[in-house]
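Below you'll find the structures, each written out as structure tokens.
In what follows, chain A forms one complex with chain B and a second complex with chain C.
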Partner chain A sequence: MQTYYPLFTAIPLAAAFLNLLLSKISMKVSDYIAFLVTGILAVMAVRMLFEAPFIYAVGNWRPPLGILLVSDGLSSLMLVIINVIGLLAVIFSMKYMTTYTAKPKYYSLFMLMIAGMNGVVITGDMFNLYVFLEIASIASYALVGFGTGKRELEASFKYLVLGGVASTAILFGIAFLYSITGTLNMPDLAQQLETIGMTRTVGFVVALFIMGFGLKASAVPFHAWLPDAHPSAPAPISAMLSGVLIKALGIYTIMRIMFNIIGQNELISAIIMFLGALSMVVGVLLAVGQSDFKRMLAYHSISQMGYVTIGVGLGLNPKIDPAVAALGLFGGLFHLVNHAVFKSCLFLCSGAFEYRTGTREKHEMGGLVRKMPVTSTTCSIASLSISGVPPFNGFWSKLIIILALIKAGYWIYGPIAVLVAFITLISFIRLQTGVMFGKLPEKFSGVKEAPFAMTLPLILLAILCLGIGIAYPWIDYGLLQAARDALLDKMAYMNYLIGG
Partner chain B sequence: MDRLEQEIRDTSKGMTPIVKTITRFAIGIIVIFGAYIILYGHLTPGGGFAGGVILASSYVLLTLAFGKDMALSKMGNTAASILDNSGALAFVVIGLLGFTGGYFFYNFLPKGEQFQLFSAGFIPLLNIAIGVKVTASLFAIFMALSIFGRFIYQAAEGEERESEE
Partner chain C sequence: MILYFLSMVLLVMGLYCLVAKKNIVKKIIGIVIIEYSVNLFLVLVGYRSGGIAPILVKGMQAEELVQKGVDPLPQALVLTSIVIGLGTMALMVALCLRMYEKFKTFDMSKINTLKG
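Entry: the complex of A and B
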């Protein structure tokens, strides 16, 4: 696998352009190309889990001269999330996207987005990271506006403008880093910054990065694009945006830069934890009053990403007991995986309901459990997971984060996290009663269960929700521990410069 | 009088015959300059992107001077899309061919002598691939934007006529 590491970006890139060429001959071929490509990528990503950390020099240019690709616990974890959810979203798209025109263009943009996210995750070069971040972002701007209705275009434009501002901030930050170190290679940057220390320039760079990557991760003061963008996109894209994109472009980059390049720092930790707490509270309070199914889920994404952010922020604090910091980071990473699973399941469920009923308004639906049992059951399982009901997966990760917060002595953040979990539960109980139970409206008496291509990803994701949750106390989560250790060990990351 | 002469004298489409005549002389030079920037990209400042923009600007000039139909007869929408995608695909494929040397984007071709046209391994090939892609996609973007422009223009013209009557 080591020899073929760059294929994670090369395959989807090549497939995106090949798809548009071949679709001029036959429209049907794009379904197969997309399925084949994401299938291969998912298998490759799962196989990557069994590899020891290594580096890859593109074009045989030794670091720090050439572009470096790094594989460690964290990037393997992210690759699995991106490519497995991507495969399920493609399976879902096969039927769902028949309601839109220009399916081949959709698949091409989808694969460009996958290529960008894979690139962000595998790269060890700062500018390379920026380029792949832009590929994924621009593809997602286009995908959000794919319906080309009034609301879709407005959301896409808003996302484009705010995303552009964030990208500019990130580019500025990279330029400042380059001006003080003279290198863009991330392990080399980490080494140089070790000797430079936290000067004012580095502090400014950190501020720019928190703003830029925080916007991509939709942390609260920068969240305005998300509640418009997620509901406007087609359902599989909402699942990808919420389940994967905000993690790969936002949280992953923040973790990689703050832990492995800048290093643990008390002030950065305090800022990130504050942003996390703010996201949790504001996101969930805004979510309660929403009547649009997908818009409510979008606000919950902000809130749930707050949990991840607060766990990551806790891990960044060098002043507290290292074991507690490691526990907080573990909880954050665990919640990141869980959120990817249950939130993509929920968004795909909303897509399945919309496909059959033609509406996303909660108050127009009702009693659908009798007509669409599979979709409703999977939706219930995912709702219970996100609300943190034992024994589903969301319960364990929230428990770990809350325990770590209390152990570290954060007596305000801990109870806030508990309270937010309660409000989330209330919000999702209202969703359940509104959509699945209660009286079936007259006009939906002829509604059927969603087609197999749409229920299959739902079933798989629901099994994952339940499986991860039930198995948690008995399984040693080596995968998450490897990701956590990769982040906490800055020394090991710097040593990738001389070949790991 | 050949077809081009007719196009130049035809005042209903595009700009005046003066602009059209100048365009006729200038366009060949622009294309040659763009091709030079692409082909000498590994030796002099410039390269695939810069040269591609110059080549695309020659099509833009053609559209401005002679109108949209003339430019589309030289490169249609489908042709632009095919060139665009095959340029990008060629770039990735050349990168993948690097695996013959063991690494992604490994420069597998002989490097040749410094400062000669045929040197630097696969870099001229990459420049050509980018050049084709940038030419086609910038032209396609310009055409996509001018679809909106043309419609609004006609509507405005119609209103003017109505007010005159």
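Entry: the complex of A and C
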């Protein structure tokens, strides 16, 4: 498996270009290519879980010179999330995207996005990370504007402008890091920064990175693009953006850089936790008043990413009990996985409703549970998960984060997290009553259940929501623990330089 | 030192252009200026006064190259970053044209179908 590691980016990149060529012969072919490629990637990603950590030196150049690919607990976890959700989104797209034209172009952009995200997750080289980040970002800008309506174009342009500035900030940070250390290799950078310490330059780099990656993760002062961009994209892309992209480009990079390269630091921890708390509160308050189904979900993405951020921030604090910090980080990672599952399920549900009813306004729908039972049931399960109702998966991760916050003595952030969970519940109960229950409008009397290609991913994701939640008290999730240990062990990461 | 400072001035100019101008085309120019300021900064990181091209020619000692040659890595990075910038710019211009078709204007303050 180790020798195939670069294929995680090579396969989708090749498929993206082949797809466009082959679709000249037959339009049908792009469906199969996309399904085949994401299927292979998903199987490969699941198999990667059973591999011990290793490094792959591209072109056999010794680590500080050439590009390094690193596989450890965290990157395996992210690979599984990206590729499994990607596969489900492709299955959903087969039927859903028939409402759009230019399906092969859609799949090519989709493949490019997957290639970029996989690259960000597997790389161990700072500039390589930037390049893959830009590949994924540019593909996602184009996908947001894929509908080419007024709203889509404006959202895409807005996203592009803000994303462009963020990328610039990241590149500036990388240039500064290179100027003080003379290396781009991430384990080598970690070693060099260990001797340099927290100088003012490093502080500036951290500020640039928090701004740049924070914008990609849509933490609150940088969130303005997300509520426009995510609803404007086609539903499977919304699911990919909210479920995977903001995690792979935003939170993953912040975690990797802050934990493994810069190292735990009290000030950075305080800033990241503050951003997390702010995201939680502002996101959920803005979500309550929304009438557009997908727009509401987008605001909830900001709020739920706040939970992940606050858990990660807690783990970064070296002054508190290491066990509590590890618990907070575990909660953050657990919520990251859970959010990927239930938020992509919700966005796909919104797509299924839109496909059959042609509207996204909550007050125009109603009583759809009788007409679309499968979609409605899965939507209910995902809603209960996101609002943190036991025994669904969202409950456990929120509980762990809140417990860790209280144990660490954050008496303001802990109750805020409880309150936000409560407001989320209210917001989703209103969604349920608005869309699924109540009176069925006259014009929707002929509505049928969504086709099988659309309900299958929904059912699988709903089973995951329920399964992860019910299994949690009995199974200790070794996958998440491996990811957490990979983050907390900076020494092990630096040792990848000499071959792990 | 003054050159580093100038690249920062370029960055601020680009940011001003991006924030203050209403015309989409000018905003695009602003982003491009920002990108170029980073490229300038990045290539200055590898700069060395009186340096030579980092190529080992016939009759040159390796030590001489190490002492005098400029750092080639930032140059490679800048090339990559320029290509990425080109990709972004192409997409921006394409979006800009499409927006002109739909809205019949380049004025961003008149393009406001979204709430924020």
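The definition used in the following text is that the second predicted complex is superposed on the first by the 500 of 500 C-alpha atoms of A that agree within 3 Å, B and C clash if a C-alpha of one lies under 4 Å from a C-alpha of the other, contacts with A are read in each partner's own complex, and residues count from 1 in each chain.
We adopt the following convention: contacts are C-beta pairs under 8 Å (C-beta built on N, C-alpha and C of every residue); 3 or more make two chains touch, one makes a residue touch a chain.
Please read all numbers here as calculations on a predicted model, not as lab measurements.
Visitor: If chain A is used to align the two complexes, do chain B and chain C fit next to each other or clash?
Guide: With chain A as the common anchor, chain B and chain C both fit in the superposed model.
Visitor: After lining up the shared chain so the two structures overlap, which partner does A:Gly145 touch, if you call chain B first and chain C second: first, second, both or neither?
Guide: second
Visitor: Kindly classify A:Leu18 by the partners it touches after superposition: chain B alone (first), chain C alone (second), both, or neither?
Guide: The answer is first: A:Leu18 touches chain B but not chain C.
Visitor: Per the contact definition in the header, classify A:Leu184: touching chain B only (first), chain C only (second), both, or neither.
Guide: second
Visitor: So, A:Val43: does it touch chain B (first), chain C (second), both, or neither?
Guide: Touch partners of A:Val43: none, neither chain B nor chain C.
Visitor: Return the chain, chain B or chain C, that is in touch with more residues of chain A.
Guide: On the superposition, C touches more of the residues of chain A.
Visitor: Examine A:Ala471 and indicate which partner it touches, taking first as chain B and second as chain C; both and neither are also allowed.
Guide: neither
Visitor: By the touch definition at the top of the document, which applies to A:Ala10: first (chain B), second (chain C), both, or neither?
Guide: first
Visitor: Once chain A of both complexes is superposed, is A:Val58 in touch with chain B (first), chain C (second), both, or neither?
Guide: Only chain B is touched by A:Val58; chain C is not.
Visitor: Please provide the least distance in Å between a C-alpha atom of chain B and a C-alpha atom of chain C in the combined superposition.
Guide: The answer for the closest chain B-chain C C-alpha pair is 6 Å.
Visitor: Just which bits of chain A does chain B share with chain C as contact spots?
Guide: none
Visitor: For a test of understanding, state which residues of chain A touch chain C in their complex under the given definition.
Guide: Touch residues, chain A against chain C: 127, 130-131, 134, 138, 141-142, 145, 148-151, 153-158, 160-161, 164-165, 167-168, 171-172, 175, 178-179, 182, 184, 224, 227-228.
Visitor: Note which residues of chain A are touching chain B in the complex, please.
Guide: 3-4, 6-7, 10, 13-14, 17-18, 20-21, 24, 56-60
Visitor: Can you list the residues on chain B that touch chain A in the complex?
Guide: Spelled out, the residues of chain B in touch with chain A are 78, 81-82, 85-86, 88-89, 92-93, 95-96, 98-99, 101-107.
Visitor: Could you pull out which chain C residues touch chain A in their complex?
Guide: Chain C reaches chain A through residues 15, 18, 24, 27, 31, 34-35, 38, 41-42, 45, 71, 73-74, 77, 80-81, 84, 87-88, 91-92, 95-96, 98-99, 102-103, 111-114, 116.
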